[in-house]
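Both complexes shown next keep subunit A, but they swap its partner, so subunit B is in the first and subunit C is in the second.
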Partner chain A sequence: MSRSADEIVYGLKREYLEKISNGGIRIDGRKFDEFRNIRINTNFVTRAEGSADVRLGNTRVLVGVKVEVGEPFPDTPNSGILTTNAELIPMASPTFESGPPNEDSIELARVVDRTIRESKMIDLDKLVITPGEKVWVVFVDIHVLDYDGNLIDASALGAIAALLETKVPGSKVQQEDTPLPINHVPVMITQIKIGSNLFVDPSLEEEEVATTRISIATDEAGNIVAMQKGLSGTLTHAEVFKAVDTSIEIGKDIRKRVFGR
Partner chain B sequence: MDISKKIVLPGEEIDLNGMKQGNGIYHENGKYYAYQLGMLQVYNNYVNLIQLSGKYYPVKNDRVIGKVIDIAPSFWILDIKGPYPGFLHINDTPWKSGSGELSKILGTGDTVFAKVNEITESKQIWLSLKDAGLRKLEGGHIVTVQPTKVSRIIGKAGSMVNMIKEMTNVKIQLGQNGIVWLDGEPDRVLQVIKILKIIEEEAHTSGLTDRVKKILEDMR
Partner chain C sequence: MGMVSEVKLIDENGLRIDGRKFNELRPISIEVGILNRADGSAYIEWGGNKVIAAVYGPREAFPKHTQNPSKAVVNARYNMAAFSVDERKRPGPDRRATEISKIISEALEATIFVEQFPRTAIDVYIEVLQADAGTRIAGLTAASVALADAGIPMRDMIAGCAAGKVDGKVVLDLNKEEDNYGQADVPFALIPRTGEVVLLQMDGNLTRAEFEEAIEMSTKAAMFISNLQREALMTKYSRAEEREETKEEPKNGNSGEDAHE
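Right, the complex of A and B next:
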């Protein structure tokens, strides 16, 4: 497959970012463990049960949550269902194509799904209406509106912010409307490697030249709940442990600052 | 009424006050309208429209910065942020194709500072490296700005860009196509990137060179 002009990176940009990172500098002047400005606007879409408009620097992601009545899976008759989907629309970046979901959007949806599911953030067992027959199905839909790097963290933040505000529309089945049962608040932190340095919250420029990416989600207790490694580069033992420590530390800060928990 | 520096919207009627119709303006039923969002400028009794934003359109002898995106048997295909890619033939470079392998000279992702040599009738853009100062760019960093703002970054007779170069000690190579190559101390390069953003945003205001000078002095 031939790559479009936008997908080919300037060779000298790669060398330059690597060179300055060895001197402790990032191209936008941030510290290695500094996030860009996070702005979240919840209940952005009035017709959804929950939603969030997230801006992480110039990256913008819109997350919508719908809660509908459905049939449970035969192997889990006593728990609700969570489905996550991500859409990379062509408006967000010249490198995004319309058409069926590609590898990147599937990875994005799966990583966010794993963060929510494996952290047991939503108490799915409380989402049963009639055991074995009717349960609540939670649809999390991620729409990327502007791509300037670090979609994984922006989408995870958006999904979690939207779920925290989500109401289960009990009135549809002659019950009361209730907030979605929440157990934990996981936070996903993505780091990339340029040269031999790890950066959190990569911008598009940094993502383009990165050799390795590692995303780690942690919960309040500092447990790792999800992890994904991307790109073709490698990480040493020490780097993985360092990445975990950074994720826990920054995760705590963001959980407090953004979600107030 | 003085119409210079007036900002007009696409399709907005323009009263030429008896002056002649220049670039970026069309007429219909005896009236004049703007093609694009831009600022009016009066020059030699002509009213021209200077567009505020837009894509780069190559003109012969423009100096541009291009990125190799593909290699053909005897020429390179370069992205110059224009409507069509640019072609650079081996005969228009100082190099010889002795081995026959072009990728050994310039590979995909390499950057060159070239000039637009010729635009054919079928809109093929041929570039050349055969002139003073044209070369393969090595080291340094690449940033992009709006192509319409490049002339503002250069300033009158290069006043703006020379001032930035002098005060920051950063080497700057500007392409007419809005691609800028910078090389120098990393924190100085960051300052220049910030300055370029400011110039881009405030390009239509007057007294910009003095303000930029002040910002640069404060940064020191």
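Right, the complex of A and C next:
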């Protein structure tokens, strides 16, 4: 479809979704604060130290975790290292192109990274092999396989599920294999704005016409650990605080339902 | 947010390491029209930050497939000079700069009347010459002034300020030490005329109440900075007016009909 034809279709769709949302309805019949079905299959890739195949509605993301021996950063000689990467591979959507990471995949990786890092989910100080010399490096790689909206939450769920199952391969350095030291379980909740309504877990159809996106990660205590506003729309102060409250509430529910914590 | 601090960042009198109160901004000065070739430009000094913003456009977007038939494309490029930080930064965009460029572009698009300039690009270049925490907001604040200097129609000049948490206390406008050793950072920007939030990120750990406190403080600061932006613009154009007037003087007696501007 040409760009201008796209624009017309999006315009009509936006109008329609706005109209029905003012009557309290989403296009797929969900409530404003209702997530799509979440299915997680961990240890899907057994060669990885941890992995999770996540389906969030029709969105599918595969997250693999590799844990390898590396050198610590000079400013944190007694800490392990976390690095997060995301790839929007062309098989996942006709709009994704092959090539080096673009700004969308970089933003996705960095927002997921912030969720894990700032919640202090992994106890990086316990990932030291020889202080100042050798530490464990945790590589979280996010592979988007099927794109039907809300990649941020699907990827964060996948990363967290995979990390919870990850084994540190101690046998590689004449130690025992151990589970990754976990302190906290953060949950990321993304909402989008259509008209003046906020929806959690947007589908692709909703994302395409959304003006604003807000992603908020919270921990078990209900504290906020990471946040990212996206797209070129705006939010009022009241909408920001409402989004925070929704994220705390839904986050609690998902933590219990999905991770049993 | 990260390293554990051994230094006390707030003393027993409630003052910060640079002597500021918890809700006090660093000194800010803005100068408009400092570059010759750019269509608009601005220079901001904000504490130890020194940042230049320049605007080109609206001009034909190139390559052609980047054009949008219904609006202008806003391309902000946030770049840190190699010498802007303690340890030399490798030149060129890294993942952090790519993410910041994206969210600044989105924030600026929220205020520019992009629909008035279909098929064009508005290029915004932000160069951080010296960094002292809060560079993205300093850059965005300068970029908004540069856009006004370029005569680009906008809802208002975006203004912002970060807040965060240091030694367990919510404080405004973190400096480098506070950013390195603090417990949270919330970059924030809004459209002053409407109060709508256009940029919002957060990392660290904040309770709901602390987050609200941070946003209230940042909002107040943004309103103050908005006035500085206006004053900076007025200064440039009243100076230009004075120059015009002195030029007119020798021609005393001419009809002066075309000297209104």
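Going forward, the second predicted complex is superposed on the first by the 252 of 261 C-alpha atoms of A that agree within 3 Å, B and C clash if a C-alpha of one lies under 4 Å from a C-alpha of the other, contacts with A are read in each partner's own complex, and residues count from 1 in each chain.
Please note the rule applied: a residue touches a chain if its C-beta (ideal position, glycine included) is under 8 Å from a C-beta of that chain, and two chains touch if they have at least 3 such contacts.
A quick note: this is a predicted structure, and the numbers were derived from the prediction, not measured.
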item	value
Subunit B versus subunit C as contact partner of A:Arg39, first or second or both or neither	neither
Touched partner set for A:Phe241, first subunit B, second subunit C, both or neither	second
Touched partner set for A:Thr76, first subunit B, second subunit C, both or neither	second
Partner chain(s) touched by A:Arg110 [first = subunit B, second = subunit C, both, neither]	second
Most subunit A residues touched (candidates subunit B, subunit C)	C
Partner chain(s) touched by A:Ala226 [first = subunit B, second = subunit C, both, neither]	second
First (subunit B), second (subunit C), both or neither touched by A:Glu118	second
Contacts of A:Lys172 with subunit B and subunit C, given as first, second, both or neither	neither
First, second, both or neither for A:Glu15, with subunit B first and subunit C second	first
Intersection of subunit A interface sets (partners subunit B, subunit C)	3
Subunit A-facing residues of subunit B, complex	67, 69-70, 79, 85, 107-111, 137-142, 186-187, 190
Of all residues in subunit A, those that touch subunit C in their complex	3-4, 7, 75-76, 101, 103, 106-107, 109-110, 114, 117-119, 214, 219, 221-237, 239-241, 244-245, 248
Of subunit C, residues touching subunit A in the complex	1-3, 68-70, 74, 95-96, 98-99, 101-103, 105-107, 109-110, 186, 191, 194-208, 211-212, 215, 219
Subunit A residues within the subunit B interface of the complex	2-3, 5, 8-17, 19-20, 23, 25, 27-29
